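Letters A, B, C, D, E and F mark the chains as written, and numbering starts fresh at 1 in each.
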Amino acid sequence: MAIVVRNTPRTALDVVDGLAEAGVATVHEAQGRTGLLGSRLRPIYRPARIAGNALTCEVAPGDNWSIHVAVEMARPGDLLVVTPTSPCDDGYFGELLATSLVAHGVRGLVIDAGVRDVADLTEMGFPVWSKTISAQGTVKETPGNVQTPIVCAGAYVEPGDVIVADDDGVVVVRRLNAADVLAAARARVQNEAEKRERLASGELGLDMYAMREKLAQRGLRYEEHPPS
Amino acid sequence: MAIVVRNTPRTALDVVDGLAEAGVATVHEAQGRTGLLGSRLRPIYRPARIAGNALTCEVAPGDNWSIHVAVEMARPGDLLVVTPTSPCDDGYFGELLATSLVAHGVRGLVIDAGVRDVADLTEMGFPVWSKTISAQGTVKETPGNVQTPIVCAGAYVEPGDVIVADDDGVVVVRRLNAADVLAAARARVQNEAEKRERLASGELGLDMYAMREKLAQRGLRYEEHPPS
Amino acid sequence: MAIVVRNTPRTALDVVDGLAEAGVATVHEAQGRTGLLGSRLRPIYRPARIAGNALTCEVAPGDNWSIHVAVEMARPGDLLVVTPTSPCDDGYFGELLATSLVAHGVRGLVIDAGVRDVADLTEMGFPVWSKTISAQGTVKETPGNVQTPIVCAGAYVEPGDVIVADDDGVVVVRRLNAADVLAAARARVQNEAEKRERLASGELGLDMYAMREKLAQRGLRYEEHPPS
Amino acid sequence: MAIVVRNTPRTALDVVDGLAEAGVATVHEAQGRTGLLGSRLRPIYRPARIAGNALTCEVAPGDNWSIHVAVEMARPGDLLVVTPTSPCDDGYFGELLATSLVAHGVRGLVIDAGVRDVADLTEMGFPVWSKTISAQGTVKETPGNVQTPIVCAGAYVEPGDVIVADDDGVVVVRRLNAADVLAAARARVQNEAEKRERLASGELGLDMYAMREKLAQRGLRYEEHPPS
Amino acid sequence: MAIVVRNTPRTALDVVDGLAEAGVATVHEAQGRTGLLGSRLRPIYRPARIAGNALTCEVAPGDNWSIHVAVEMARPGDLLVVTPTSPCDDGYFGELLATSLVAHGVRGLVIDAGVRDVADLTEMGFPVWSKTISAQGTVKETPGNVQTPIVCAGAYVEPGDVIVADDDGVVVVRRLNAADVLAAARARVQNEAEKRERLASGELGLDMYAMREKLAQRGLRYEEHPPS
Amino acid sequence: MAIVVRNTPRTALDVVDGLAEAGVATVHEAQGRTGLLGSRLRPIYRPARIAGNALTCEVAPGDNWSIHVAVEMARPGDLLVVTPTSPCDDGYFGELLATSLVAHGVRGLVIDAGVRDVADLTEMGFPVWSKTISAQGTVKETPGNVQTPIVCAGAYVEPGDVIVADDDGVVVVRRLNAADVLAAARARVQNEAEKRERLASGELGLDMYAMREKLAQRGLRYEEHPPS
């Protein structure tokens, strides 16, 4: 009863690459603080920063069969996104699968479960964001859906959405919004450069953002420490 | 209803710096195994070892406004200590705030919540101990107390107490005890150097600490493994 | 009422060293996916890969006394395995104990609890897999069993079983099975080399493992994405 | 930037009520083991079993403002589903809000966060499934979306989908599938009645489901315990 | 090195009893949303609602010796508050200690650790709020402080502060503020009675609290669902 | 590669029943504070207290096939003990399997995973201790070992060991020690009755156990609270 959807649409790779450059925190802000995957997903090595078209894959608990199915659907610039149908920490993925994905142009893996062979994956430079690291192997008995909409670490992901991942975590950008979000992210980066310079010179955020009056209105008051 | 206390007392920086040199485990021992913050606080990069005067700050869940307020209270040698009024994993702090803190002489951050921009913070060499890493942004709607006594990760902290943080975790030293604790820590370091040498030469702790009799009294007994 | 068993049997060190070379994931597979310790045990630095004869030790919560007892039982090639009698995150172990263990030929530590002095341990190159890192010290009031069978992180371990530990986690191999497991692991490594080459050349796992028919039998079907 | 969508479609209440009668485990099976919300959602009292049309609501961390907005959108037979935009355990909901919801025909609450006044809610018979129980109050500063698609405890929920909740947890049924799922659930209930009778009489599942041959094929074998 | 402080001040019992009547959520609100202990503390049976003067006690991990010391310090109307010096889930407390406490007028227990004999404690009607339930016994080797200020489940507690506990959790009220907080709590209860009536009659919170304009200012907008 | 062992030995039921009467905390003490399963195992309803001969069963993650195999091995007085080969929270067990077990004389279930149909199981009076409650169903693709030694929730269990379970948790007693443990437990119960009477009359544990001198030796000292 599992489905594989062929020829799902992708986001243009120049947009994808622009979002990678902006990074997760900026992209998340640029789209109104939405789309973040749960902070339990952590990179297996740091620093790492990539983006790719979501190649989605559901797996049964303790069963990685559908990852093999997903490889065939891969296109260059994809990023594999794997979610178990119920929580599982097993090591679904290792260096053999990474070797196969690299051969088909896949840039990395985001998985709300475990991975193994992390020393090899680090040496290969294949970036992975996972919930855990575990040597526990998996079986191949129950296929899962590939290239269908999924929920991964609390976020809704459709095939061809952009996944951006770096040391801060992972964010998804809807395919149809990706160009707009990229524009907003670039504007944000520019705006922050100016702020950074002023803050570095010692200017207070209280003044730069004109916060003092609003803080007083919300009840903030200052008092002196009693002489000790 | 939030308060900012001005001109709270600090601990002398030579004492602070001496405690940094001793490190967390030694300081914790030197003050009778008290003052440790919960082990959920981990450094965003390693190795890292600092100490500073606690600049305390409470934040509402998902709201980092009072961190901006705290910056103005900073003095060189301070270390910002942030605690949420209820548990929250959001990314309250990033490289812009770090830039601002550095400009005011703050040495690092201890936060019982999340941070972001960790790749940038690592590159800047701005050390942070946090409960989590998360790109999730925060709002500025509800101010919290600054420079009042707080509980952070299970430990009671007053402004101007010394915070020591390294790869092992974070410990707080009461301001009025800091000089005594430093003296005890230094004695401890000296004492350990001698023990280290004896242990390295193969002497057993059982003998060096004269434990055998007490172990027997507490019921320890030895038996031979049956021949296999 | 605690027991120390002397002269427990060990596994031959050439077998132990062979298992280290194979690594945790391969050894785990080679013995039918059994023997893995819980994935909460993580190395304090990476990369790290060792194996040794289990030198087992039970500790009371917040009490590391029996680790001192265990040192005397150590033989070159041992790996200390410590489990608390109820869950505890305290820092049971630091660089003084490591110095002592190194002097007696112990290769590393696996502990389902906390360690401290991790900067020093890293510098010494003494590998540790632990549940947590914590500066919290422990007392010496209640001895525990040494060199008796234990459960550590969910796995049953007897003295002289082989413990293999690397970046993926920790696995135990029964002493009497160790040679067979090593043979199976080596066969597995060889077999994977060939697979790796085929996958790197772009061959699909679906074809290499002849999965397509079985997938169809289990209900996998393909459909086209509707034109967007 | 928050949105409230008016006049979202609902599922017919006779279908909703039929799904309540079937219960969570049966409904989950009847739709191919999909749609379950995370098992961290637990009822505040037991037994409890309800179903309703999802009235969806996003809340900022520590901020329950949009729940007040949601009440106005309620129709009889609705079940309020609340998800925070980042994880939060605060007590977003208490008996005053329950009183208001009851006045508008809402049948219960599913919330991936905390609730309070649980003694009062229990006495009122207002069923709640929550991640935690906490007296921690919330502010009203940041509105969130109401009646838009959300992810709650890992499951994707659209307004008007059917939420079924009982002692086993919470499941969502897509609005357009609800009638089909109800039919499948009813068939399943009937089928189980017959099985129950056979099992109660002592018949083995091994025989009733004809499992023995397949088990042998998958490698199961029987051996005698050696005489002890 | 442990201390027992005799003759610490208490709060008047009529104030304590008034706070019990108000309950945790109301008291927490009445003192500006401060003083809540972590929501991991849960009652062993429900419903339960009490208040008492904090009789504080620190315990070493896996060691309940100082609870015996605390009993002697008890006065009628006290409520024992126990915190471990590092996290521990052992069963520090059972029905024998409860029998002893009852004989000295103690009303209940709040413990950031484990308890056992919960069936007996339930039958006795001795209310306990704990982090866990565990049969794991403890030793008597290391005394801890009694009647000194402590941090329990993240909250700072001094002897003689008022502890209020019910099905929603546990809150601490500073001794010197207790009468004022009681007055504020009573005002709050009265005010809520009126609101409850209006909400029960179907009035919307949006109108009762006059929220519509502020919501619009913060960016909330309404739209119609497209015809389906 | 899974094994079922026939005709494993059991413990005599009069001993088993005596241990049930003593309860978990007493049995745990009577055998030197060993054998406790992790406190994450909680009863689905309270009060509950049973004991039985361990009927052991390993299950693959998300796969309950071997539970069906275990039913055939059951004898009256058994208690089913299930452990997953890697952590899993799925609902492995429901009322149909309970019906089958009851028909074969099994008294209850201990499972380090999830169960479902808890309302039905409660109504049937079939006691279960589990790690979680979840409606998530499981598959039948991979058999596991039945009636072999296992580790369940951190404790080593052999078939025919006695499992005692009540509101405090679960403990295992080695088959060959069971009669001795029962004798020790009964002595303990008698001894506690006398202590209970003395404590109820107001006698302090400090005096009854003659603790004062030892406490002073370990550094406990008393001081007066300064006049406030």
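Heads up, the rule we're going with is that a residue touches a chain if its C-beta (ideal position, glycine included) is under 8 Å from a C-beta of that chain, and two chains touch if they have at least 3 such contacts.
Just so you know, these numbers come straight off a predicted model, no measurement behind them.
Among the remaining chains, those touching chain C as well as chain E are B, F.
If you take chain A and chain F together, the chains in touch with both are C, D.
At the interface between chain B and chain C, two copies of one sequence, fewer than half of the residue numbers in use appear on both sides, so the contact is built from largely different positions. Chain B and chain E have CA centres that are 28 Å apart. The geometric centre of chain E is 30 Å away from that of chain F, both derived from CA atoms.
Chain C and chain D have Cα centroids lying 40 Å from one another. Shared interface positions of chain A, i.e. residues touching 2 or more other chains, are given as 1, 33, 36, 86-87, 89, 134, 136, 141-142. Under the touch rule stated earlier, the contacting chain pairs are A-B, A-C, A-D, A-F, B-C, B-D, B-E, C-E, C-F, D-E, D-F, E-F.
Here chain F touches chain C in the complex through residues 1, 32-34, 36, 38, 85-87, 149, 151, 154-156, going by the rule given at the top. If you check the complex, the residues on chain C that touch chain B are 1-9, 65, 68-69, 71-72, 89, 91, 94-97, 99-100, 102-104, 114, 116-119, 122, 132-137, 140-143, 147, 159. Interface of chain B with chain D (complex): residues 60-63, 86-90, 134, 136, 139, 141-142.
Interface residues of chain B, counted against chain C in their complex, comprise 23-25, 28-29, 33, 36, 39, 42, 46-47, 49, 166-169, 171, 192, 195-196, 199-202, 204-206, 209, 211, 215, 218-225, 228.
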